[in-house]
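Below you'll find a set of structures to go through.
Both of the next two complexes hold chain A, though its partner changes from chain B to chain C.
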Partner chain A sequence: MTDLRAEVRRGVSALGQVPAQGRGSTSDLSIDEALLLHSVGWEPVELVTGVSMASVPWGVWSWGQGEIAAASAAHATAMRGASERLTEECDRAGGHGVVGVRVAVNVYPNHVDVELVGSAVRPVGRRGQPPARPFVSDLSGRDFCLLLRAGWEPLGLAFGASFVYAPRRSARTTLGQAGQNVELTNFTEAMYQARELAMERMQQAALDIGAGGVVDVVMRQGPMTFATHAIGFTAWGTAVRCGPEGHRHLDPEMVVPLDDAVVAFAAESLRGRPANAE
Partner chain B sequence: MGGHPGATDLPEAAAGQAARNVPEAVGRRLSSSAWSSGLSVPDFAACVSMGLRPLALVQGFCAMQWSAYAMGGGSPWGARPTAGAPAGAGTPFTSAGSGGYSESWPCPHGIFSAEHRWGGNYQQPWAEHAWSQGFGSAYVRMVEEAQQAGAQGIIDVVDTAQHLTEQSVIEFHVTGTAVAVEDSPPPPAPWSTYLAGQRLAKLFEAGFVPVSVAAAMSSVMMWPNCQTEYLLHGTGGWGYSYGGEIEQVINADTAVRRLARAAVRSQLGSDTLHGARFAVTRHTGNMGGHVVECTLRGTRVRRFKDFDPLAAPRPTVRLS
Partner chain C sequence: MTEAADLPEATSHRLEELEHGLFTSDLSVNEFLLVKHAGFHPLGFVMGSSIYHTGIQTRRWGKSQELTKLTEAMYNARELAMTRMEEEAQELGADGVVGVRLDVNYYEWGRDAAEFIAMGTAVKAEDGSSYRNAQGKPFTSDLSGQDFWTLMQTGHVPQGLVMGTCVFHIAHRGLAQTLGTVGQNVELPNFTQALYEARELAMTRMQDEANRLGATGIVGVRLEEKSHQWGSHTIEFLALGTAVTKGTGAATLPVPTTIISLDN
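So, the complex of A and B:
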């Protein structure tokens, strides 16, 4: 058991000494994540970012039918551009990959903005030539460690998007369905198709970089705030492939935590019912 | 900034100015027998258990006028180089104004008219210097209070910057809890950190000691050229590509982040930046144009013992 008070005293007394020479690192990892990374032989190098903004032509959000292809294409362009810039920054910093990438996507009427921020990492003490293509992953430090221990490796961010117009019914159909509990099949089909398109594009992006699958997929969907008749579906995750040694079973231990949440109760209930209560 | 930062790093005049600006009530408050802290109860308990005794909630303020007309350099055209420009008022926080980033974006159509204007991206050192002066002065005043309280460190630092009374007046506010380290001689100047409680305990346990908070702001002004304007508004034009990237904006966004990172790096020496956080804002400048500002904050930490790797963690499944 570490004597924490002694460690604090030792640390503070070291502030009076001349610091070691060298180049420090920057990262947005929590101390837990940094320690976990060290435990599997990795260390942070540099805080890196990749941004992109892609133009969406004026008028594409007006009423129409089917997919809003220009918006879907702009989303793909912006994600790809931001990911490439993030990879370039990692490469320049001597990182072998980026972990804990935070993905911020904003869709506006005339442009799609993407910002990726993460920590470039490398194997501990490895200052040589980084790999030809660093990996990019939005997995936390903990999930990255688990993935590595299970024999898998991250390759890059896979993403897909599909923007569609909410389908319309004819006046006759609308009147015919008035007052009924019926499935709006054209809505179901359009939404279903759009979701599948976004997922398909994400999986294709994973295949394009040589991955076998995508983990920790994040799906966002909903109407655009500036055009509520248009609905966007976006999906992204970390593309992974199994390492040369195959999958390693982690054999987790079962634990029964004894720190169940305290059962809350209202203190008033101890007083019993008031005399004048009905 | 390779050594221990703080009020002692300041030129004497700046440190003297900061001391004069600390209100006289501070002395009365800090000499009272009661102590105060901004820590939550769990953070307070964790800090006491690691030998850090809270002394006082300490704070520093600085209200700055923020005027485009005060710009000292870096005007878009005919800009003078800003390399080696002094950090604001001798504060320990170097501004990003060190590289003189500027790019011009001519009209790709080769026409000179109101619509087909040239554009440009350029760094705004005057804004960066104003920020570093405001933040740095507030920080120095907080350190001054901590020193008056006899503190060795300042934990749980929180900093804010908000407009006061009118758009051109910004008040910087830096607060923290001054602490004494039990059975330890005082360092040359109080150390500071954004961390507190468990996270601070883990930092020490991992072999790092906080040196100081590190922060910088960078500012880039973008005057879009005709092509960028078309793309931002999604309207047609020659050379307009649907779904294409808007390079001028991307360059400004990328530059502003790199400048902030470079400025913080210049404060680090051989130390490490822990828990870095980017915050990017956009607004329209006083004279038009798009302003992108980026602040980067984190805690500068130094390794005081060799790394002792954790045992490989054991995966567990909770049965609840």
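So, the complex of A and C:
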């Protein structure tokens, strides 16, 4: 019978150690991604994670007007904490950056939690001192290679979020608008503003780390499940910078894959679908 | 049509930042590289939205007809969102917007209201030549970066995202009709006709928009059917595509290589 406590202690103490010379690497990259990385002179080092939770003060989700600043701030704190831990782990593993970061953001009534998981990578054979600031990127290994070959480098994840209360319509306006085709201008403006705010914060984050652009921007929006009148907007993407040699054009090659015949006609479509199918 | 309201303050601040060299884009890395290869530089992620309250129109149970008021609402709302997106692009001095997506969101608190969103990446030609369309506005296109590159290689230039929509109420069948067809193989002409007419209307409207832009063709046409929140017999038919013209450039599309990929 193994001594569970001793095992846990061993595991915890191993966390802080620099990996030994010649030790194998862990990563969640697929085989072709790992091979691609090698083709541009990089190798995976270790699977790294960063997790952070930030509390949201009680009662901020109840009705109000304008931005829910406390929630936006909690989101920013959690995100900062998670990426700091991710880069710390990467640093300890001797990585120069993290690729393929999966981003999971969950907003609960009382806290925001952020989980980042990715593969730390480094130039092949470079075991020495990693750079002062490892990069973080949610690009896949494939995209990372493409970017490097085109003369660009990833710098970090740029994040922005904003939470806003949906405006209310008075009974009179609601009645006045019943049965009419009209734009609800105050709603439009509130949502517009919130979305722009999230994007603006993302841009600011990118500018802060000296980026020239943000690629693969993901924009999520939706009402909170626990408070449908509160709407959250999150935007993130990988901040990139053009290297000193400038942009290199990669000539694409036109290919026709011979794998599966393209299904141009599905017999089921003849049978149709119920008119109310969404 | 109502005038698009001025863009909110937050927008101008965001766009100002973009004018200082930073770009944002929802293009993936390969799309980004292909857009660069086609001679364009992304300027920024642009969008427009409108929360729109749709009116009510009475439908007759047994009559197939277009619900003009709802059609108008769908048109207006999308047009508002698109115009705002174009305004943002114009503010950035863009030649066009690629990868445009049109979405409709519903919220619990908005009865009979929906949010219409248009977003895409504003791009500008790197050699300084103008690619604006016949109306002097930035072109819009729902083509992906890959499709955009391929289109440009064939010497075609996108002119604009064109759409046609038609909200149609499809008549219910009467009892006598239903009984008459029980157990038989027969076409239901009233359904066929109604669906036919609605689709044709949507397509014709889309073609009219393309004609107004002086386009020679529409590529990547999609025909979508949605019931939104109107119940099963009221359907919106939406036709969407990118209007293109043949530019002056010659076709430089390389001959495709056939490959057998080793993925699964």
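Things to note:
The definition used in the following text is that the second predicted complex is superposed on the first by the 234 of 278 C-alpha atoms of A that agree within 3 Å, B and C clash if a C-alpha of one lies under 4 Å from a C-alpha of the other, contacts with A are read in each partner's own complex, and residues count from 1 in each chain.
What we mean here is this: a contact is a pair of C-beta atoms (placed from the backbone, for glycine too) under 8 Å apart; a residue touches a chain by one contact, two chains touch by 3 or more.
Given the structure is predicted, the values throughout are model-derived calculations rather than measurements.
Of the two partner chains, both chain B and chain C are touched by A:146. In the superposition on chain A, A:187 contacts chain C only, with no contact to chain B. In the superposition on chain A, contact is made by A:253 with both chain B and chain C.
Of the two partner chains placed around the shared chain by superposition, chain B is the only one that A:9 touches, whereas chain C remains out of contact. Of the two partner chains placed around the shared chain by superposition, chain B is the only one that A:38 touches, whereas chain C remains out of contact. Put simply, chain A uses residues 32, 146, 250-257 to touch chain B in one complex and chain C in the other. Taken in their complex, chain A has these residues touching chain B: 2, 4-5, 7-16, 18-32, 34-36, 38-40, 47, 49, 51-60, 70, 73-74, 77-78, 81, 85, 109-111, 115, 117, 145-146, 149, 250-257, 260. Remark: chain C residues 2, 5, 7-11, 13-14, 17-18, 21-30, 32-34, 36-37, 42, 45, 47, 49-56, 69, 72-73, 76-77, 80, 105, 107-110, 113, 115, 119, 149, 170, 226-227, 231-233, 235, 253-261, 263 touch chain A in the complex. Those residues of chain A that touch chain C in the shared complex are 32, 139, 143, 146-147, 150, 166, 177-185, 187-189, 191-193, 195-197, 199-200, 202-204, 206-207, 211-219, 221-223, 228-229, 231, 237, 247, 249-259, 274-276, 278. The part of chain B that touches chain A in the complex is made up of residues 2-4, 49-52, 152-153, 181-185, 187-188, 191, 199, 201-209, 211, 231-236, 241-246, 249-250, 253-254, 257, 261, 264-265, 268-278, 280, 296, 298, 302-305, 307, 309-320.
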